[in-house]
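Here chain A shows up in two complexes: once beside chain B, once beside chain C.
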Partner chain A sequence: MIIVGEKINTSRKSIADAVKERDAEFIGEVAQEQAEAGAHYIDVNAGTFLEQEIDSLCWLVEVVQNEVDLPLCLDSPNPKALSEAIKHHKGEAMINSISLEKDRFQALLPVITGQPCCVVALCMAEASMPNTVEERVQVGSNLINKLTEQGFPLEKIYVDPLVQPISVDTRMGAAVLGAIQSIMNDFPGVNTICGLSNISFGLPMRSLINRNFLSLCMKAGLSAAILDPTDKQLMATLLSTDMLLGRDEYCENFIEAYQSGRISML
Partner chain B sequence: MIIVGEKINTSRKSIADAVKERDAEFIGEVAQEQAEAGAHYIDVNAGTFLEQEIDSLCWLVEVVQNEVDLPLCLDSPNPKALSEAIKHHKGEAMINSISLEKDRFQALLPVITGQPCCVVALCMAEASMPNTVEERVQVGSNLINKLTEQGFPLEKIYVDPLVQPISVDTRMGAAVLGAIQSIMNDFPGVNTICGLSNISFGLPMRSLINRNFLSLCMKAGLSAAILDPTDKQLMATLLSTDMLLGRDEYCENFIEAYQSGRISML
Partner chain C sequence: MSEFKALTDAVMKGDIQTAVAETQSALDAGANVQDILDKGLIVAMDEVGEKFSTGQMFVPQMLRSAKTMQECMKLIKPLFQEGQLTAKGKVVIGTVRQDLHDIGKNLVAMMMEGAGFTITDLGVDVSPKDFTQKAEEVGADIVAMSALLSTTMPAMRETIKALQDAGIRDKVKVMIGGAPVTENFALEIKADAYAPDAGSAVIAAKKLLGIS
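On to the complex of A and B.
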């Protein structure tokens, strides 16, 4: 299971303040704690900064990679910001994200085919959010085909089925699970990724619902998730699910995480 | 999801004491609290009493059905105890359990075909526990075929794939999940059931692992579980999984359980 640490996002006030003040120490600490908790990629997102987004994102790339020896997930809806940020990145970044929206696809294609990288491909066409399994699978398949036709490697594509709240439509959980299962089945070698927290919007006990949804997504075949790896309860769910699915030889990772205090029940 | 309340089992000391003293009030309370927590069946098991098992089981049936208006799950490896206990039962009992062991099958068959009831069918042949998905599916299919050939209704069979500890063999989780999926797929209308706690034997954070396993089993198609319905964290997992799988219209059951305090995160 590939973990993308989500905490460096200017939609969080402490991060926005640190970016504004160019507080490299604080950002470095947030990167470090996620790396120690088991992140494989560190997400950086300065989307709330609008005109200052590009400068801020480039600064974040430098600061985070000075601190931790991990690739980053460069997170922006703006192809220009992504194409600038990747110039500052060492190694193979994850680009988050491309979609089937025409302008976005065209603008980002040369960036991602110009250098080795992974890409998050959102199941979204022309700004309409998908509802059913079929809509997700159709847009996802379309994106996979278009990217691989351009020579982009299948195994570097991370399809994001886009999670929507079950409080708005109770079919939204099953729609994501079905889409993950179908895409992983139809394109062996491709990856799937999602954020979790949208699923529980508007409901009580959100962190419980999010954890539980992660587990169900993993059973459906999800290969990566954007989450907070310092959340010990969430990580307990992730590692116990891996173990229950037979992916943790001798239950070693689970027991080691328990003994080192990286997971918890409370 | 059908819930069988597991608490009235003489392997628990408080229950053993109450049965020994014929303390109907205490047993009645344990039945009542499970009914209020959402049990559809109340399991009664006096297996530790050996020679006194039959008398004790018959007494339990009377006492519990005096207290709650629910069918019982009559739980014994001994066909004689089951055939006596069912004489005291009002309505349609769940008989737990039959297996492919020859003597057990032959002795129990007339009991379960002699009156309307459900039966738990263990994936076990001649006292050998199953290891792989295939072994479970083979024994389970065999049992389903033998029972339905005798006119026993498919939808009243609850196949139990038999949960074994992942600490002993890390493939044991996936083996149960695969067996549930396969049996539910091959015999539309049949039910599957299991107890959870064996899965986590020998590991830390057992209740977390059990909860998580329940959720994965539900995704695989499990239709019933033998569990403690007064465990508010376990029930939170059960109800949120139902909701995430799209089986809780308007998220009504989950929200109602939250508001009434029947589920909890801690």
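On to the complex of A and C.
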């Protein structure tokens, strides 16, 4: 499983304050703790800064990469912010995200084909949010085909099936699981990724719901997740699920994480 | 104790069958339709909204209660004379331009309807022009906007500008909400209220229109 650490997001107050103050030390610490907890990418998102988003995002890229030797997940719905931020990035960034929405697709295509990078392909088309498995698979397949036609490597595409709250429509969990399974079957080598916490919006015991959903997604074939790697319960779920699916020889990763205190039951 | 306690309880539980039967028997017994609405249904939805805001009830329960109320409304609505149902105020609601997220907006619309407001839901990707035209057309008291993306939040500012340009800004109250939206942003763009969730939206709407 590829882990994208989600904590550096200005929708969190402590991060917003640190970005406003240009507190490189604090941001560096949050990057470091996620790296130590097992993140493969560090997500950076300054979306709430609106007009100052671009400057803030570029600053975050520099600060985080000064601190940790990891690629970043550049996270914004704004193609302009992504195209500026990637200029400051060392190595292969993950661009989060492109979608089938025409303006967004056209604006990002030159950015992602202009340099080596990965891209998150959000299952969202022009007209509306997807509801069913079929709608997700259709948009996802369409995106994969369009990107690979442009020479973008399949294995660098991370399809995000778009997780929506189960509280509003109880079919939303199965819709995501079905879409992951279909896309992974239809396009061997492609990746799937999702953020988990949307699933539990509007319900009690959200972290428990998120953890169980992660397990089910992994069984369906999910290959990457955007999450908080410093959450020891969540990481325990991730590593134990990987182990139970037969992907952890000698149960090494699970045991090591336990012995080093990176996972726990409580 | 309200004479409609059984109805109120059924709406709170989301028990459609019982609620519809209670509504029918109240009508058969000659109860006043306005009383059924105010003391039976709206009372229930007010409590649902409050319990939701304080974390004692959850989204699926709220949806179920709202659906139950809608079913009861089907029985009593035809008995109201034209125009009588708009007493609480008219709300034009939608998700702003280039934003397709509708879940939060739908929850707010449903709860406002439950509280007795008359709702015109323009759906998603609603342009400043469409908000303004519809607000003029129906004589809206409130324009409520939702945005789930930081990139679409500026459309809220533009919609307020469009209301100004059309000369109706002083006739409508503007409410905004959505995950990236904040109280500060509401102040900045001179919206009249910000609401973090559907329950709060109802409370804020009532406050804006001076309804207790």
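Just so it is clear, the second predicted complex is superposed on the first by the 265 of 266 C-alpha atoms of A that agree within 3 Å, B and C clash if a C-alpha of one lies under 4 Å from a C-alpha of the other, contacts with A are read in each partner's own complex, and residues count from 1 in each chain.
The rule we apply is simple: contacts are C-beta pairs under 8 Å (C-beta built on N, C-alpha and C of every residue); 3 or more make two chains touch, one makes a residue touch a chain.
It should be emphasised that the depicted structure is a prediction, and the values quoted were computed from it without experimental measurement.
Once the two complexes are laid over each other on the shared chain, residue contacts for A:Ser128 go to chain C alone; chain B is not touched. When the shared chain is aligned, chain C comes close enough to touch A:Asn78, but chain B does not. In the superposed model, A:Ser240 makes contact with chain B only, not with chain C. Greater residue coverage of chain A by touch, when chain B is weighed against chain C, goes to B. When both complexes are overlaid on chain A, the residue A:Leu177 reaches chain B alone and has no touch with chain C.
By the touch criterion defined above, A:Leu50 lies against chain C but remains apart from chain B after alignment on the C-alpha atoms of chain A. Of the two partner chains placed by superposition, chain B and chain C are both touched by A:Leu203. Legend: residue contacts after superposition of the two complexes on their common chain; A:Asp160 is shown touching neither chain B nor chain C.
When both complexes are overlaid on chain A, the residue A:Cys251 reaches chain B alone and has no touch with chain C.
Common to the chain B and chain C interfaces on chain A are residues 167, 170, 203-204.
Residues of chain B that touch chain A in their complex: 166-167, 170-171, 173-174, 177, 199, 203-205, 207-209, 212-213, 215-216, 219-220, 236-237, 240-241, 243-246, 248-251, 254-255, 258, 263, 265-266.
The residues of chain C lying in touch with chain A in their complex are 55, 58-60, 63, 100-103, 106-107, 124, 149-151, 153-154, 179-180, 182.
Remark: chain A residues 11, 47-50, 53, 76-78, 124, 127-129, 164-165, 167-168, 170, 201-204 touch chain C in the complex.
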